[in-house]
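Multiple structures are listed underneath, in structure tokens.
What follows is a pair of complexes built around chain A, which joins chain B in one and chain C in the other.
Moving on to the complex of A and B:
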């Protein structure tokens, strides 16, 4: 018994490691108050995330379920853990270079960030509705606090309250969906629910569909998919930019992890060839296709009229969720490989684009298109990096975003029957070019209001170039990532 | 355990009514604190349903989930009241109609 528990805890090593670093920060904060203002807490957070990354790599090479089947450790878990720890480390580095996070409260920021990261890891490993609920709430409640981090700023507080209220309702709907599912199947474990659904031979009552809609409502809120996307622009606009940067990548990917896991293990069964097949009586391919199409359309069309760059990027992140959902339509290897590649590309390019906004917001104190005027000429590194990220977000060849879109559209076309979806995706990419290029036009073509000498600090230049390089390299040399994605998928439990 | 069917029907009815009232209140009321209370009502409706289901199916999972839901709801209210307090400090009201600074 003890041996089994120890083995289980060993598989949870990355989370344990992050918790220890969290405790370390708490203790240091208590006994050495001077440490609040220097970079100690950032270094601890980044080192903690890197240590968790290494542990993820070392622990549990074979996929297995543990803690009574409530948690699984497989390829998908590992991939998402790498992803979260990397995102958290980069966001922490960014936050410490921004003056939106006050020097006095940086310690709290690091603590909250580490806590959210643990929650995201739990979301990715959950194989039980109770564990999933705990993970989601751990991420959500701390996100509400992070959104309201600028305590004396009305917009930040308003964003936080909006996030809290809608988040509370979304999780209420979701937990009602969980309870209906539990009432129907008598279990909270994914495999048991799947076994029950298989045993019904397609005779699923109204309650099942109601539960499905409610659960989708909660998860859609996390990934900001249609029809629960409306909070994203407001929250991203009001929250401090480093926090918005983190929200647009971390919790969103965590929602995706939960979404993919539920989709693959509850509503589908694995076939002999390593693909998945929806359980008899549940065919969600068309539903997902329509949701993906609507999410893309809403994101791209709403972004057109916006003048605040943070809002534009928020709508663009909604549109990107639409593209990623496309990969789930086909339910085969190539679609999931494409999603994984897209997530990696999205991580680098979206973090980068928000980073540029954060730098501009620090210089000018605002984030509308006018604030970007002429910045390309006064800070060439910033301008060039922004161009790289924007071209990649649009999906122009030579950049990682293009390869991601190419793989996703390719897998949808290959599966047949969803040609319209792929065409709509291409059309949407064309529409998105319009609002993305407005940012670049403002940066490079418009004349600055006055001649001012600005320079990009080395601290920010390192981060921006560090994100721009993978964005370009993955657009030209992407085979290793594809092989990695293949390996990840062959390990799914 | 023998569980009378009439209680099952009644608890379903009460659950749905409570949940719907919470959702309606969330949509219609403009006071921030009442909105938080409506979210609590929704979560407690779910708790009632979980307890009933757990007793009907004779499995412990539901009751365990209830404990977690209660804890999470408490945490959420703690954060929510903190934010409302801050909003009141900055604006002098908790009426949601007065918070319109985030509309593009």
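Moving on to the complex of A and C:
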């Protein structure tokens, strides 16, 4: 018994590790108040994330469910843990170079960030509706605080409040859905729910569909998919840029982790060839296709009229969710491989694009298109990196975003039945070019009004170039990621 | 074996890196790096021309190895008779344009870096034999082009740049879908263009769209055709062209008209023809009609222009129509004429754009008739005789005067198209284009160069040695190929003969 518990805790090592680092920050904050303002907390957070990354790599090579089947440690868990720890470390590094996070509150920021990261990890490992709910709430509640991090800024407060209200409604819907599901199936563990659903032979009552819609509502809020996407632009705009950067990648991917796992283990069963098949009576392919289409349309069409770059990127991140959902339509390995690749590519390019916004916002104090005017000429490294991120987000070859789209459209075309979705997807990427390029136009095509001597600090250059390089390299050579995705998918419980 | 194609493709890229590393305050260093980075590939190109085996339709100078194994994507470069003329044209025009851009003063580093990057993209497109690789190079060209037009262009440069970018991207995403589709519908899955062309793999397969079962090969054909048609540009996808050509700086207009337009027709000949021959035959009437529309529409538009550069731009639309006409005839003479016309139009239109650039540099306008109705130029032949002489050569080559290059290719195109009994009506209508071409070019020549001298321009300087240097090689080519076109026709003969066996 004890041995088993110890083994279970060992599988939870990354979370334990992060918690220890969290405690360390608390203790240091109490004993040495001077440490609040320097970079100690950032270094601790980054080291903590890296340690958790290494631990993720080391523990639990074989996929297994533990703690009574409530959590699982498999390929998907591992992938998302890598993803979250990397994102958290980068976001923390970015936040400490931005003047939007005040020096006095650096310690709080690191604490909150670590807390969210633990929550995201829980979302990715959950194999039980209640554990999932716990993870989601852990991420959401701290996110509300992070969105309102600039306490004396009206926009930031608005963002926080909007996020809270939307979040409250969404979790209310979701927990109601969970309770219906529990009442219907008699279990909260994914495999048992799936077993019950299989046993109904396709006779699923109205209650099931109601539960499904409610659960979707909650998850759609997390990944900002149609029709629960409304909060994203306002929250991203109001929140401090480093926080928005983190939101647009971390919690969103956590939502995807939960989404994918529910999709694969609750509503589908594994087939002999290693693919997945929807349980008899549930066929969601068309529904997902329509949601994906609407999400990308809404994201791209709304972005066209925006003038604030943060809002543009917020809508673009909605559109990217639409693209990624396309990968779930076919429910096969190629689609999931595409999602994994897309997430990796999206992580680097979106962090990078938001990073540039953060740098500009520090210089100019605003983030509208005009603030970017001529910056390419005064800071060539910044301008070039932004060009790389923007082209990658658009999906132009040589950059990782293109490969993401290539794999996604490939998986859809391969299935043969969703040609319309692929067509809509590529047309959307043409539309997206229009608003993305407005940013580049401001940076490079418009001449700066006055001769100002600006220079990019080494601190930011390291981060930007560090994200631009994988964006280019993955666009030219992506075999290792494909192999990694293959291993990940073979290891899903 | 020495990987000559890759070396030619990536030397400009190395040049770009060298330029980016060069100090900011030394524009001449940047210019000379660019000269070297384009001259070396040109020298290699001459070697290529010498050692190219004209007797075989097979791919030569092949480089092939695995690139992305799980998708069976290969790094596969090679050239045949279709690509060689285009490769040579690209190398020559790139080199000349580097010299022609000597006068650029703003952001020299950025300009030449983008320009060399563009050359890498163009070379890659003509050498790639793997669809994925082709697509990569095809799209890579968009990026420098956007910046070259958008930063160094004329008054409406921003609009022109985004219009060009959006149009081309629209075409490319359709091509992307076709590329992915071809991969999954071929057995075994491959991006290799030569393998895709084997065995008519796409005939008879269908795909569902909104409940309709559509034939895959025709869908592929249409997708590819739209992608390439935008580049050519074929009516009604041409509206980006006047903007981009007119607003772009001179050297970029030359590349646009000289090389980029040919990529469209090259792509059709490289992909649509050999991979989807049945669908090509199915669409041949349609292509013929579009070709005729292009010829006439371009010519009428050109005739109405008051801006010299716009006139040349629309003349390109008209001249690319001949290429389509020749291609769609499926006769030896017609297709040979089409490819020769691609090469000849590259040289003659490059001359015209360079010449327009020369006069624009001096007087900063290029109105034939100013917006207020007064004459832009007039009688300048007496002030700038050398310039006028060279202009006359370019212009007569363009309108197809016997003895100059344009005549041979246009004659071959009409000869070929007329010998196919299906298309005789189209040819008769299309041949009106020659008349119209003579009309708008001569009318322009008359209004700008002849007649009483416009006093505004009595101090116009004649063409200088650097400008002559850029124009002389093109002049020589235009005259030599007008008298003896065999050096180019020999290159492509066997390749085209093999291509046409698919349609006999």
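Operating definition for what follows: the second predicted complex is superposed on the first by the 493 of 493 C-alpha atoms of A that agree within 3 Å, B and C clash if a C-alpha of one lies under 4 Å from a C-alpha of the other, contacts with A are read in each partner's own complex, and residues count from 1 in each chain.
Rule of thumb we're sticking to: a residue touches a chain if its C-beta (ideal position, glycine included) is under 8 Å from a C-beta of that chain, and two chains touch if they have at least 3 such contacts.
Bear in mind that the values here come from a model prediction, so they are computed numbers and not experimental data.
**Student:** Which partner does A:426 reach: the first (chain B), the second (chain C), both, or neither?
**Tutor:** second
**Student:** By the touch definition at the top of the document, which applies to A:269: first (chain B), second (chain C), both, or neither?
**Tutor:** After superposition on chain A, A:269 lies in contact with neither partner.
**Student:** Just chain B (first), just chain C (second), both, or neither: which does A:148 touch?
**Tutor:** The answer is first: A:148 touches chain B but not chain C.
**Student:** Once the structures are superposed on A, label A:409 by its partner contacts, choosing first (chain B), second (chain C), both or neither.
**Tutor:** After superposing on A, A:409 lies in contact with chain C but is clear of chain B.
**Student:** Examine A:472 and indicate which partner it touches, taking first as chain B and second as chain C; both and neither are also allowed.
**Tutor:** After superposition on chain A, A:472 lies in contact with neither partner.
**Student:** Could you say whether A:285 touches chain B, chain C, both of them, or neither, answering first, second, both or neither?
**Tutor:** Neither partner.
**Student:** If you stack the two complexes on chain A, which partner ends up touching A:24: first (chain B), second (chain C), both, or neither?
**Tutor:** neither
**Student:** Tell me which partner A:172 touches in the superposition: chain B (first), chain C (second), both or neither.
**Tutor:** A:172: touches chain B, not chain C.
**Student:** Which stretch or stretches of chain B touch chain A in the complex?
**Tutor:** Per the stated touch rule, the residues are 19, 22-23, 26, 32, 35-36, 39, 42-43, 45-46, 49-50, 53, 56-57, 59, 61-62, 64-65, 68-69, 72, 75-76, 79-80, 83-84, 86-87, 90-91, 99, 101-104.
**Student:** Can you check the complex and tell me which residues of chain A touch chain B?
**Tutor:** Interface residues on the chain A side: 129-130, 133-134, 137, 141, 144-145, 148, 151-152, 154-155, 157-162, 164-165, 168-169, 171-173, 175-176, 178-180, 182-183, 186-188, 233-234, 237-238, 306-308, 311.
**Student:** Using the touch definition up top, name the residues of chain C that touch chain A in the complex.
**Tutor:** The touching residues are 67-71, 107, 135-136, 138-140, 142-143, 146-147, 150-151, 157-158, 161-162, 165-166, 169-170, 173-174, 176-177, 180-181, 183-184, 207-210.
**Student:** In their complex, what parts of chain A are in touch with chain C?
**Tutor:** Against chain C, chain A makes touches at 377, 387, 391, 394, 396-398, 402, 405-406, 409-410, 413-414, 416-417, 419-420, 422-423, 426-427, 429-430, 433-434, 437, 441, 444-445, 477-479, 482-483, 486.
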